Amino acid sequence: MLDKEGIAKRIAKEIKDGYYVNLGIGIPTLVANYIPEGMDVVLQSENGLLGIGPFPVAGEEDPDTINAGKQTITMLPGSAIFDSAMSFGMIRAKKVNLTILGAMEVAENGDIASWKIPGKMVKGMGGAMDLVASAENIIVAMQHINKAGESKLLAKCTLPLTGINCVKKIVTELAVLDVLPEGGFKLLERAPGVSVEQIRNATAGKLIVDSDIPEMVV
Amino acid sequence: MLDKEGIAKRIAKEIKDGYYVNLGIGIPTLVANYIPEGMDVVLQSENGLLGIGPFPVAGEEDPDTINAGKQTITMLPGSAIFDSAMSFGMIRAKKVNLTILGAMEVAENGDIASWKIPGKMVKGMGGAMDLVASAENIIVAMQHINKAGESKLLAKCTLPLTGINCVKKIVTELAVLDVLPEGGFKLLERAPGVSVEQIRNATAGKLIVDSDIPEMVV
Amino acid sequence: MNKVVSNADEAIKDIEDGMTLMLGGFGLCGLPEKCIAALVRKNVKGLTCISNNAGVDDFGIGLMLKKRQVKKMISSYVGENAEFERQLLSGELEVELIPQGTLATRCMAAGYGMPAIFTPAGIGTEVAEGKEIRNFNGKDYLMELAFEADFAIVKAWKGDTMGNLVYRSTARNFNPLMAMAGKITIAEVEELVEPGELDPDHIHTPGIYVHRIFKGYDYEKRIEQRTVR
Amino acid sequence: MNKVVSNADEAIKDIEDGMTLMLGGFGLCGLPEKCIAALVRKNVKGLTCISNNAGVDDFGIGLMLKKRQVKKMISSYVGENAEFERQLLSGELEVELIPQGTLATRCMAAGYGMPAIFTPAGIGTEVAEGKEIRNFNGKDYLMELAFEADFAIVKAWKGDTMGNLVYRSTARNFNPLMAMAGKITIAEVEELVEPGELDPDHIHTPGIYVHRIFKGYDYEKRIEQRTVR
């Protein structure tokens, strides 16, 4: 079973040299720490920055320089600042190669719910709806099971949707899965020490197990 | 009768303090020379500049700094450069207070033709269609009569249109006229030494002469 | 062409009850904090506020929420604010949540004189309810209308007396878009300079879009999530 | 993330007959003159060129017209070019004239992932023929589609190896809009610098939009209308 850092580490392996990547809040943010040395990757922050660097050293926080999670950050050489319209313009125009974000639920047809629990929690969708509507390469980073012990990989989402038919891949503490165009979660890898049976029990939607499932290398 | 400079001089009197003004190619360009001292006016060039200054002194021409007529110009303090989309954005959003442009024909309903003579001349509309479609305050600067001796103030335009129901005022070598919302050219002023009769003879469209027409002060 | 007013109170003096305001900033970053303080002092009520976020409990638009000056918020993300959540769940506050890119682009559309734009954001979700859907090249898009606002209030780093503005780092965010979209646009700046002191090539908001400008003193620029290495 | 190619010939090597190109510049100002020269050398044919103007007889796109490399021009203003007029009137050259603001905004729309925009330009004229008209708030607008281009070719003043671009003065014009709109975008620059040498606040085109960049030598930058005081 992976911890949050493990999920981030595994996702980092999906990143290719030369990619522009948008990292959502939460686990996705951690992915930045595991991008292989020597790989040229530019991180986009949808509040208007290409070239997110590490957090500042204490005392050098700049209130004018934050990421989409409102955290103080630094900029790398070659960064560019732009307004929010251009930021989502480049997202809509599919210039961002990979989008990694969290979710409350993912359905076997690629639908995603992540922004609202009716009557309980309303924080808003932020940029998530724009991202999932436009990105062609979307990986969801999340726990397989929610705090109430229910599967988050469903036949159909129960919460208000963020987008439809958009999630391509899911990485959880238990597994790596592809969401197939024809529907269904195709199991690709098991987390270390996790059995296919455990994954099957934790997956409410249709799980497709084609052959021997290798244990992931993190 | 006014010469070109006279037309420009008369139009300059329509400019108010604090105006942002777009000047078209030809006579309108000359208007810049007659803006009263001490009046704060910013000239827009639709290729992407607010703050057109005078022509450069010889030897200081900058090929990167031109107006919409492709002439070398200078910039005044407080100028701003922007791309062509923002330039027409501010035009469409009606931020430009006054647009002065030339025309081949103006109709009594405010239609204007200025960009094409079928089979003879096709230079293109440039920014004129954008300007006349959006500007709320459009003055046409032109000769009353074309080179063939025909009136350019018509009941209906004969050439392909640039825009419809848009011209508000016309200044020619003979007269100043308003284009009335209900249709018709309302004569406001005569050029020095020009009679109402002369203007009537030179105007093919409906001319409205309400009362005594004063000679213009240039 | 001198657009300078003496302070925030003068800048907002004709903002009246029931008006629609756009307020720049992302979280607490690039927030027109002086004008917000003046709006709180003036205690103008029944406002509709278009702003990406709703501030925190004791800073930003949160200060106006606390005094119940806001009738309706149009935002993309409103977490981080307990009083907001209380007013929302109790029905005291009307809230319209829209995707962040849609919010940004609807502001830009207003400043560019475009009555509507098309975006795929929200297709298949409750955001699409009641909106026109249109297919281009096999993909569905929502038609979203340009925003209208009586006043846009933005924060820039530097500005000149003609209203030209330059923003700093990610404090740019929504500010240049809203600056273009207000019927009247107010800019507060950290440094106010004379025409000619800003490089014309590096002006983010041309002065034609800005009606009033003033220098704010002693910016707090609060940090929402202080993170260090 | 190094996008540097050695010269114009390498930058355009995979531009093929029949492709659609966007070319930045207004008149001869801000023109990608090195790439145009390379296209003339390569003698690629049957091109559709989207560019505000068509150059003059012996400079800019005029050079490509002279060699009959252009099948179709999409422009707003094409005066100043006798050979162009000859080809147009003889029917050898297809020409689509569209309003300048429409041209600019259709490029921007492509770069912003918006399939169409609305503009009042051309309402009531032959430009509106066959296009959808839509009324918003009592005013008619044309729906105009985003442009598609196989390659966008732009000229910037400075650029870095990651493709970030800065333009100078009115040589900016259509360049940043087209830079965003190409499936592949080529930028030629007067100065090519390392990442970090350009101020992030003053980059006009973020590198994400640019695929290839090279430094051009000995820019001619011809002046179309030399006017002095």
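Each chain gets a letter, A, B, C and D, in the order it is written, and its residues are counted from 1.
The rule is short, and it goes like this: a contact is a pair of C-beta atoms (placed from the backbone, for glycine too) under 8 Å apart; a residue touches a chain by one contact, two chains touch by 3 or more.
Note that the structure is predicted; figures quoted are calculated from it, not measured.
Asker: Which chain has its C-alpha centroid farthest away from the centroid of chain A?
Answerer: It is B.
Asker: Between A-C and B-C, name the chain pair that shares the greater number of C-beta pairs in contact.
Answerer: A-C
Asker: How many angstrom lie between the CA centroids of chain B and chain D, rounded to a whole number?
Answerer: A distance of 28 Å separates the two centres.
Asker: So the centre of each chain is just the mean of its C-alpha atoms; given that, what is the distance between chain B and chain C in Å?
Answerer: 36
Asker: Could you state the distance in Å from the CA-based centre of chain A to that of chain B?
Answerer: Distance between chain centres, rounded to whole Å: 56 Å.
Asker: Would you please write down the residue numbers of chain B that are in contact with two or more other chains?
Answerer: Within chain B, the residues that touch at least two other chains are 49, 75, 81-82, 85, 88-89, 91-92, 134.
Asker: Give me the residues of chain C that touch two or more other chains.
Answerer: Counting only residues that touch two or more other chains, chain C contributes 105, 112-114, 119-120, 168-169, 172, 200-201.
Asker: What are all the chain pairs that meet the touch criterion?
Answerer: All touching pairs, sorted by chain label, are A-C, A-D, B-C, B-D, C-D.
Asker: Name, in rising order, each residue of chain D that touches chain B in their complex.
Answerer: 26-30, 52, 75-80, 85, 88-89, 95, 97-105, 107-108, 119-127, 157, 168-177, 204, 221-229
Asker: Any idea which chain C residues touch chain D in the complex?
Answerer: Touch list, chain C to chain D: 105, 112-120, 136-137, 139, 141, 145, 166-169, 172, 200-202.
Asker: Spell out the residues on chain B that touch chain D in their complex, using ranges where they run on.
Answerer: Interface residues on chain B, with respect to chain D: 45-49, 54-58, 61-67, 69-73, 75, 81-85, 87-89, 91-92, 111, 119, 122-130, 133-134, 160-165.
Asker: Report the residues of chain A in contact with chain D in the complex, numbered from low to high.
Answerer: Against chain D, chain A makes touches at 18, 20, 40-42, 44, 49-51, 75-82, 85-86, 88-96, 134.
Asker: Which bits of chain D are touching chain A when the two form their complex?
Answerer: 1-2, 110-114, 160-162, 164, 180, 194-196, 200-201, 203, 206-209
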